[in-house]
Amino acid sequence: MIDFQNVIDTIHHNLKDEVFRGLVANYIPELADIDAQNLGIHLRLLDGQTFATGDWNKKFSIQSVSKVLTLAMALPMYPENLWQRVDVEPSGNPFNHLSLLELENGIPRNPLINAGALVIADILVSLLKNPKEDFLNYVRNVVDDPTIAFNLKVAESERLTGYNNYAAANLLKAYGNLENDVDDVLDFYFHQCAIEMTCEQLSKAFIMFANHGACCLKTNQLSPSQAKRINAIMLTCGFYDEAGEFAFEVGLPGKSGVGGGIVALLPNHFTIAVWSPGLNMKGNSLLGMQALEQFTTMTKLSIF
Amino acid sequence: MIDFQNVIDTIHHNLKDEVFRGLVANYIPELADIDAQNLGIHLRLLDGQTFATGDWNKKFSIQSVSKVLTLAMALPMYPENLWQRVDVEPSGNPFNHLSLLELENGIPRNPLINAGALVIADILVSLLKNPKEDFLNYVRNVVDDPTIAFNLKVAESERLTGYNNYAAANLLKAYGNLENDVDDVLDFYFHQCAIEMTCEQLSKAFIMFANHGACCLKTNQLSPSQAKRINAIMLTCGFYDEAGEFAFEVGLPGKSGVGGGIVALLPNHFTIAVWSPGLNMKGNSLLGMQALEQFTTMTKLSIF
Amino acid sequence: MIDFQNVIDTIHHNLKDEVFRGLVANYIPELADIDAQNLGIHLRLLDGQTFATGDWNKKFSIQSVSKVLTLAMALPMYPENLWQRVDVEPSGNPFNHLSLLELENGIPRNPLINAGALVIADILVSLLKNPKEDFLNYVRNVVDDPTIAFNLKVAESERLTGYNNYAAANLLKAYGNLENDVDDVLDFYFHQCAIEMTCEQLSKAFIMFANHGACCLKTNQLSPSQAKRINAIMLTCGFYDEAGEFAFEVGLPGKSGVGGGIVALLPNHFTIAVWSPGLNMKGNSLLGMQALEQFTTMTKLSIF
Amino acid sequence: MIDFQNVIDTIHHNLKDEVFRGLVANYIPELADIDAQNLGIHLRLLDGQTFATGDWNKKFSIQSVSKVLTLAMALPMYPENLWQRVDVEPSGNPFNHLSLLELENGIPRNPLINAGALVIADILVSLLKNPKEDFLNYVRNVVDDPTIAFNLKVAESERLTGYNNYAAANLLKAYGNLENDVDDVLDFYFHQCAIEMTCEQLSKAFIMFANHGACCLKTNQLSPSQAKRINAIMLTCGFYDEAGEFAFEVGLPGKSGVGGGIVALLPNHFTIAVWSPGLNMKGNSLLGMQALEQFTTMTKLSIF
């Protein structure tokens, strides 16, 4: 029997005074002002037990972590056609995400790179009556917590500076792989990224992926097969061009965001959310990656 | 002594009944409606003699041909810094113009690809008081014809469908290589492309490049060195990924546009404008290319 | 309790009369002559139970499957430096494996693409006294079967036609990432690919990866951490540019070869080897992929 | 009337004491040992007048300059099919010459990049009885000087270290764009590059390109059209990824080699050969480029 509280306390102790903590994302003021000293871990077993340490109860911007949640919402509503519009292969090259779009006729490599997430956003904008509200309610229902909200300042700052995302959305539009107006899709996208959660809420949000799709939703749950497939995509594509490294060092499906959050999971066993705002060169939380590596090394719990 | 009238009449006769005329650009209604049967040629010697045949006096949309004129206007006003923001090398690969931007940190390969022309447009928007009017007046002065005008319907159609250009401009903005608002730069750009000219006006507009920069402008003339360099760029970059082919088959500096116009020149000798709306697979006027090839073959006049 | 014999018999029954079986590799005569009707499955549980059906006892050329075995042999002997010379990321782009080498200074993306396997071959040629014999003995020991052998005709045919591999090896040499003579490395490489096994032998060879590295070797066993990491690499890189698809559809670490063999495994549970010589467009066994997809669907056994 | 002797003497005076002379190619000992202080210029007018200064009479390795001469020999012998096997477009990207081959199915972008020159070498190996001797005789005849010879040590050193060329040749072979054995083609190629000439001989060798193909050959002369086309290729492709820069700064068709030689020409007027062994970052003679830039600036003689 593993003493999980001891494990995460040990990891927190090992890392909390680390001097080299990476760089906090600074392209918008709301992210730049976050204290790099934050470090939180929240572990949730499928049987309901939870273990937490450090700053597990502070809210942070989930950013790209939201891409898994939009995919989870869209897939049961649009199961036939979604994979016609976005592929499931790793992108490989960090340096040219737009050039891949050009080479591959506007079909993004996978739903977890920006271009792919924009296609998923477009699908939701088409399917939902009030896209932003409906997605927020979906997340609140998944976590069973009505206090979850957008940080509107973050969304607005992204809107004012997100030229790369405007470029990607317009390129998708040029290839006919965006149904709605570019501005509407980006408005939705900047809001989904601006959702704030604590580690505790995030570990709850991802329970469905560890639990064959089952969660507290009454409708639109993932099927076991859909949950399995999203896990596969997280494993192969969840960490930008560091996906192979994460699979190699940690060995769990997961997803990171530039807000410094990472969430990972072992099917049938647990979800774990880690938050430390400093990022490594690839844009993933530096201490978050180390914390998860220590976790799977100490517990020997991984998919491999 | 070459009988130029006979030469161009022969070419017109050779091509006027050609069945395979390429496809007229159809991405906006204003271009799609042009009659593919049009074929005009206008030759202008430096000594003032002119020779014309076919539909040389009908207006057409100059589109990308305008990129040479914005460059000619910007270069004397911004000679030091312009080449810091755009390079002078052929782009080589048609399929990934945006990926080149990504690989090369937002510095377009040359001012005659779209991304490069957007940087030149940005420079003019920064330097000019009333950018669109001032550029239109520049063109009117160069041609000495105040009737030259924008086709506003064409500009508006481009604005509504030019997603690729929005993508390129936003990517340039993301790299810090665009000073002004994306929408302002694109508004200027869609107007510059929507200028209409006849073959006669176009052969006049390019006389300065054949004449060491000298023309009827009172200020802001190109220096001989600047004119020479623009000619070099036209030769190496003027025909998208068919630049080598054009140098090989025709052997003159020139520029084409999707409106079906091509203008080419022999320094110290002549300019020649050809118009036929049908395009080949690379987006250059199919009969226009053939007309110029026949012209340099029959006259033995080329730079090589 | 799953009735594994029934599962694989059902799969065999479902597929054995399939008309569309893909194309047998035909670039060398020895592979082209294989009967496309072959279909074998061999499942081996960690507790020693085995289940087999169809042509499980016929020998076939393991080809790229050998790349996992050379990696397994090299890693314990060269643990410090191996990952300096080859990376662990998916390659993403099928179309330009050599260009990635150029862009990334001669460091192959991972050890399961050809360029990466050539670096591993180079390491073994440096470390082993009699490289080909020593590696063959390693494989014989892992499987505990001294009859396993090279097909020398296959190795020779590859040598005579393997221009792409000569290109890759010379490019690695140009970047200083090959210590030995190009010809020596390729001679080793063509032999490793020319090993022949049955499905039964192949499922035995991969038991170590399902068993935390433990197998019948007396020395040079993988550590649990090394086994875990090779599994991660198989999951993200084992199926060329179809790795994401395989993770998505099957959800097991595995490796395929152009001889039509695929081996996959679930850590702590089983290995499974499938053989059907017809390949899909990506170079993986067409029926083999389908067999494994049916297997994980029917048994619900996958890492996700 | 231009005082050409004074012009080239002035250029020589301007540059001879330049401290920053670039780096002499050092990948083989025979090139590394050349004294960087060498600087020679030889100008040859079509009317037969010649002007020379500095080290115009010392032999150097012509290297890639030879690619124009093999093209000139092959084209009249194989006019129909040559352009099926090699294209005429600038390559654009320096960093991935092999990836372009992969993307474009083994058709090199142009005959002046290594891959293209290897295809031309292959054509000559197929067509000639004694390829190396026959090509050397061709060069001797063009220059009218039987003392021109291979430097066999240079050829041998290239053979021992030319891994990039082996990679390119094998890749061409893999795509079916090489008829002969890789080793035979490379043996020819390394010899053609190892020809030594003086500036005086080089300016003579290129007179045919300035003279509509006419030279002292009795057979296999270029047609005027072929000479014109080779000039076009030199202009767009003669200086690696600095072709646009050379067209822009100098404005003459030409070709450089890593031995530090550059030859350029103005059709109907002159050829000029410059030699200075130090290279700039793009692999072109640093002072050679400056000398030619000064020459066209001072004389106002360029094609533009």
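We call the chains A, B, C and D, going by the order they appear; numbering starts again at 1 in every chain.
The criterion applied here is as follows: a contact is a pair of C-beta atoms (placed from the backbone, for glycine too) under 8 Å apart; a residue touches a chain by one contact, two chains touch by 3 or more.
In UniProt terms, the chains line up like this: A, B, C, D = Glutaminase.
Note that the structure is predicted; figures quoted are calculated from it, not measured.
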Ranking A-B and A-C by C-beta pairs in contact puts on top A-C
If you take the mean of the Cα atoms for each chain, which one ends up farthest from chain C (Glutaminase)?
B
Let me have the rounded angstrom distance from the C-alpha centre of chain A (Glutaminase) over to the C-alpha centre of chain D (Glutaminase), please.
55
Whole-Å distance, C-alpha centre of chain A (Glutaminase) to that of chain B (Glutaminase), is 46
For the pair chain A (Glutaminase) and chain C (Glutaminase), the C-alpha centroid-to-centroid distance in angstrom is 32
Counting only residues that touch at least two other chains, what does the list for chain A (Glutaminase) look like?
95, 100
Every chain pair meeting the contact rule
A-B, A-C, B-D, C-D
In the complex, chain A (Glutaminase) residues that touch chain C (Glutaminase):
87-93, 95, 100, 109-110, 224-225, 227-229, 231-233, 235-237, 241-245, 247-248, 251, 253, 267, 297, 300, 302-304
Inside the complex, what are the residues of chain C (Glutaminase) that reach chain D (Glutaminase)?
95-103, 163-164, 166-168, 170-171, 173-174, 182
